[in-house]
Amino acid sequence: MSQLTLSDLNAAAKPDFVASLANVVEYSPWIAEAIDHQRPFEGINALLDAIKAAIRSAEPDVQLALIRAHPDFANEIRRAAGLTARSKSEPNSAGLDRLSEAEHAAFERANEAYREKFGMPYIVCACRHTRDSMRRDFETRLKNIAKTETRRALEEIFRIAALRLDQLVAADDKLKVHGRLSTLVLDNHNGKPAPGIAVELVELARLGESRVIARAVTNHDGRTDAPLIGGRPVPIGRYELRFSVGQYFAERGVLTSDPPFLDEIPVRFAISEAEGRYHVPLLVTPWSYSTYRGSEPSE
Amino acid sequence: MSQLTLSDLNAAAKPDFVASLANVVEYSPWIAEAIDHQRPFEGINALLDAIKAAIRSAEPDVQLALIRAHPDFANEIRRAAGLTARSKSEPNSAGLDRLSEAEHAAFERANEAYREKFGMPYIVCACRHTRDSMRRDFETRLKNIAKTETRRALEEIFRIAALRLDQLVAADDKLKVHGRLSTLVLDNHNGKPAPGIAVELVELARLGESRVIARAVTNHDGRTDAPLIGGRPVPIGRYELRFSVGQYFAERGVLTSDPPFLDEIPVRFAISEAEGRYHVPLLVTPWSYSTYRGSEPSE
Amino acid sequence: MSQLTLSDLNAAAKPDFVASLANVVEYSPWIAEAIDHQRPFEGINALLDAIKAAIRSAEPDVQLALIRAHPDFANEIRRAAGLTARSKSEPNSAGLDRLSEAEHAAFERANEAYREKFGMPYIVCACRHTRDSMRRDFETRLKNIAKTETRRALEEIFRIAALRLDQLVAADDKLKVHGRLSTLVLDNHNGKPAPGIAVELVELARLGESRVIARAVTNHDGRTDAPLIGGRPVPIGRYELRFSVGQYFAERGVLTSDPPFLDEIPVRFAISEAEGRYHVPLLVTPWSYSTYRGSEPSE
Amino acid sequence: MSQLTLSDLNAAAKPDFVASLANVVEYSPWIAEAIDHQRPFEGINALLDAIKAAIRSAEPDVQLALIRAHPDFANEIRRAAGLTARSKSEPNSAGLDRLSEAEHAAFERANEAYREKFGMPYIVCACRHTRDSMRRDFETRLKNIAKTETRRALEEIFRIAALRLDQLVAADDKLKVHGRLSTLVLDNHNGKPAPGIAVELVELARLGESRVIARAVTNHDGRTDAPLIGGRPVPIGRYELRFSVGQYFAERGVLTSDPPFLDEIPVRFAISEAEGRYHVPLLVTPWSYSTYRGSEPSE
């Protein structure tokens, strides 16, 4: 999908402006109409703020209609195969298109319970979640009172809108909607970055199956060519990085023991801020290692 | 079983001496008879050396008879429920009495193949092995020529004899038959040993099921009251230590993230020397940890 | 000096009991007389508590006389060369017999100021201090009001008494008067304790000269044969440990750079509890190191 | 000094080309003349290679004249105050304009000895050295035979030429003449980069005085805004980084001990490759720290 520029949007005729933003918030041209007179927007953050303000100042029944206009979450899963390219990219990160029968049924029941209690669909910005964190989010929210839950639903709608806007519009400023997960392997035995180390990123699941969600090999910088997760939110949840260091040292003829004291090293950690920058390095020798929440230079 | 002292053994009448040592090497009173005239022994190491020398200088057919006098390994597994207390303690460490049907069948087939090739039972000091390392030992040895394998069988008989002697006879010197696996959790956030941390030791299995083989909780010294494995060989193999640090920091009111960046920390390593001293500490904060092959003071 | 046993003390005739304890608190037989009837003491801690209680319950003028019975601190320094063996060992740790002329003069002036304000000598358990911490103690206390300072003087007298009692009387229980400073060098490049590493312990001084107060070489355990400081308080203050790791790796033929990235490694830290157990290990490769407040197993 | 572009040089009339490069190698227009016909150069590396090839293929007496055309090193020091801007920047890094009288005299004697033995001035690319490494370079080279030393002198001339060329000419490719020394402080107590930490870089000197050569404060990224040394060679030698972590934790209200266990942390290391990228991070809590030869992402 080619991007619009903010200048284009600012300069567009009103009908084009409204059409362009039609899908940022599900089926709701009235939002774009409401903010049309505020053009030109200084930046994409200003545009998003205007959208949020328009929704927040709408009458309660309009807000509720907006919430109800969102597809049923379970419904959306059911249609996962036939989704448009745009929507498809969103729920994927929580692996919703790869749910087992049992998981699928559990999500359907959950939605049912939610709709029964609140009279609206359960809305969540799915790409900020793993299955575990979504279950937790759901369980927490099901206990809310209706008023709180309307506010929460709008917050999720704002998050979804921000992600769509980020994809749709190019501007000088950036929306803070992306997180980042990166790693680095430093060979402290040799005083250099460690190239050629196979790295797996596994999403851990309390219920259901853990699954490998990224594979990479470290380059001459000891880093992976691209971040393990980047350009999108890092789904909240628990992960395990697995580093194949036994093979690395064996290939370099470093004498260790047989079997080697360290071979595949698992590093288990949790992501709590989907928009955070997470750097999880490994400092390693054949007999020791360290890991920590690190920091890569800001770009 | 109450222990004899080396002085008792040195002073005993010959028939008593022979009877006392009868079971150190399976059904072979001739060994004790052959070394009787070397009494008194200066220490238990000298006694073991005499036993080994007597076996090494025996005629090949006598050696082979000694090897064949050992119970079939598969047979021994089959009788696992009915073993004497002494023997029972030995194969347990490799979990032979808890083998699945499939593992059991695999061991039987292996024994059969070995006996067919070499005309003698496969002898191994089982308590120095996990299932993984035993399989590897078996596969390596099956490729040997007969002469090499006779030597290997005697080596294993010596190891078994050393362990039995260590249990049977109290002396001033010690046989080097025991290894040790210990841990320590240091709270680098607070500058103190970390008490109350649940620790699990898991034996990893390439085939078959990994299983928890020790559980402990750290004391005020950050250590476990007893070593995770001590007073016996540490079975060669791959292990995972699991430390519940999330709960530890939560109970102390340390502010972290939700979910906590570090919760259960797995540390995976291999044991290659069954008689070695392994110390695997964890230095930890809510955001970082280090582990390494460490060292506890020699006693 | 040969030690008395607590049983001997408990069983002694009253004059002998009083004579034995005469010098635990400077020139004050009345204290032993006051607690004589409490014999037998269950342990050395009970004996010390009795001494402290006797002093605390004495009339203010008796307490003041006790304090004044203590030699002038500056005076004591002056006599440093001629001290009895017992007393000599005490102030040495703060290096009072090796003061420069300028430091000497500064201490004299300080004492003078203190005596002028409070009408009593400045009493401090010198072996718990470095020059830096003693200066700080002095400066803090000079600001106190007289009542507070009388209490502080008694506390110091109790500390001195405890150390003397510990040297004088052997009992089943121990007074908590000793600290400990130990180290360990682990070679993470090789997975073993590092033997043969020269270690220097330097007392840092804000004013005046820093000086080496202990030298040792690591043994096959990576430790020093004796703790760097043990069997006495660890003087409060700032220290630097210096580890000669460049030579260690060079001797083992480990290829590094020229000059080696790491050569002499300084580790700077402070002691705040004179009776604490401080373990300061170094985990090292030619390209990395870690240090931390560690923990040796309790005895 | 404004830069030429490589295209300009390639397109210039011959006299201008020769004039532009006149000072890349001291007083030697014949070099530019010799390579004029090779224009256009594809990049700055190709240009430097051509210069080096022209010098290498010159007759021995021409090479010797070139070497002798270089100012006497001691002479250059003497003129340090009156140097042109360009030259001034070069020897400064070794602190030659801040030498003590004694150091100055030592350098003069050294030059005298060198000139006497080899009949030419001692040439060294001073900005790649500290006083210590220059003394070592001098002592090593004084033992060479004349032929070796002629080669070494040319190597140093090439290094000086490369640095001058890098300053003089802008091109798409870069000469590898710059090193980099950077740091990072990660607060492992809090899981974040540590801002506001004062950092000092000290050049250690075996003889003469150690001196602070850079001061910086970490920013919100835990890094210094600019590398401690960048855009020039990192002088070969021994250094100490000093991190004021005691104040950092105190300002954040982290409870430690009094005095704090860790306050100013010294990290001592050596630079062996003047054109290398050195990253020396500090991972720190109030009770522990790690350092290592790290790695920043390549630009």
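Per-chain numbering from 1; labels A, B, C and D assigned in written order.
In this text, a residue touches a chain if its C-beta (ideal position, glycine included) is under 8 Å from a C-beta of that chain, and two chains touch if they have at least 3 such contacts.
Computed from a predicted model, the values in this text were never measured in an experiment.
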Partner chains that chain A and chain D have in common: B, C
Distance in touch steps, counted as few as possible, from chain B out to chain C: 1
Which of B-D and C-D has more C-beta pairs touching across its chains: C-D
Of all other chains, the one whose Cα centre sits farthest from chain D: B
For chain B paired with chain D, centre-to-centre distance based on mean C-alpha positions, whole Å: 58
Distance between the centres, which are taken as Cα means, of chain D and chain C, whole angstrom: 48
Shared-contact residues (touching 2 or more other chains) in chain B: 188, 191, 257, 261, 283, 287-288, 290, 292-293
Touching residues on chain B, where the partner in the complex is chain A: 236-238, 240, 257-266, 268-270, 272-273, 287-293
Complex contacts: residues of chain D adjacent to chain B: 188-191, 256-257, 261, 283, 285-288, 290
Chain D partner contacts - residues on chain A that touch it in the complex: 184, 186, 188, 191-193, 221-223, 283, 290, 292-298
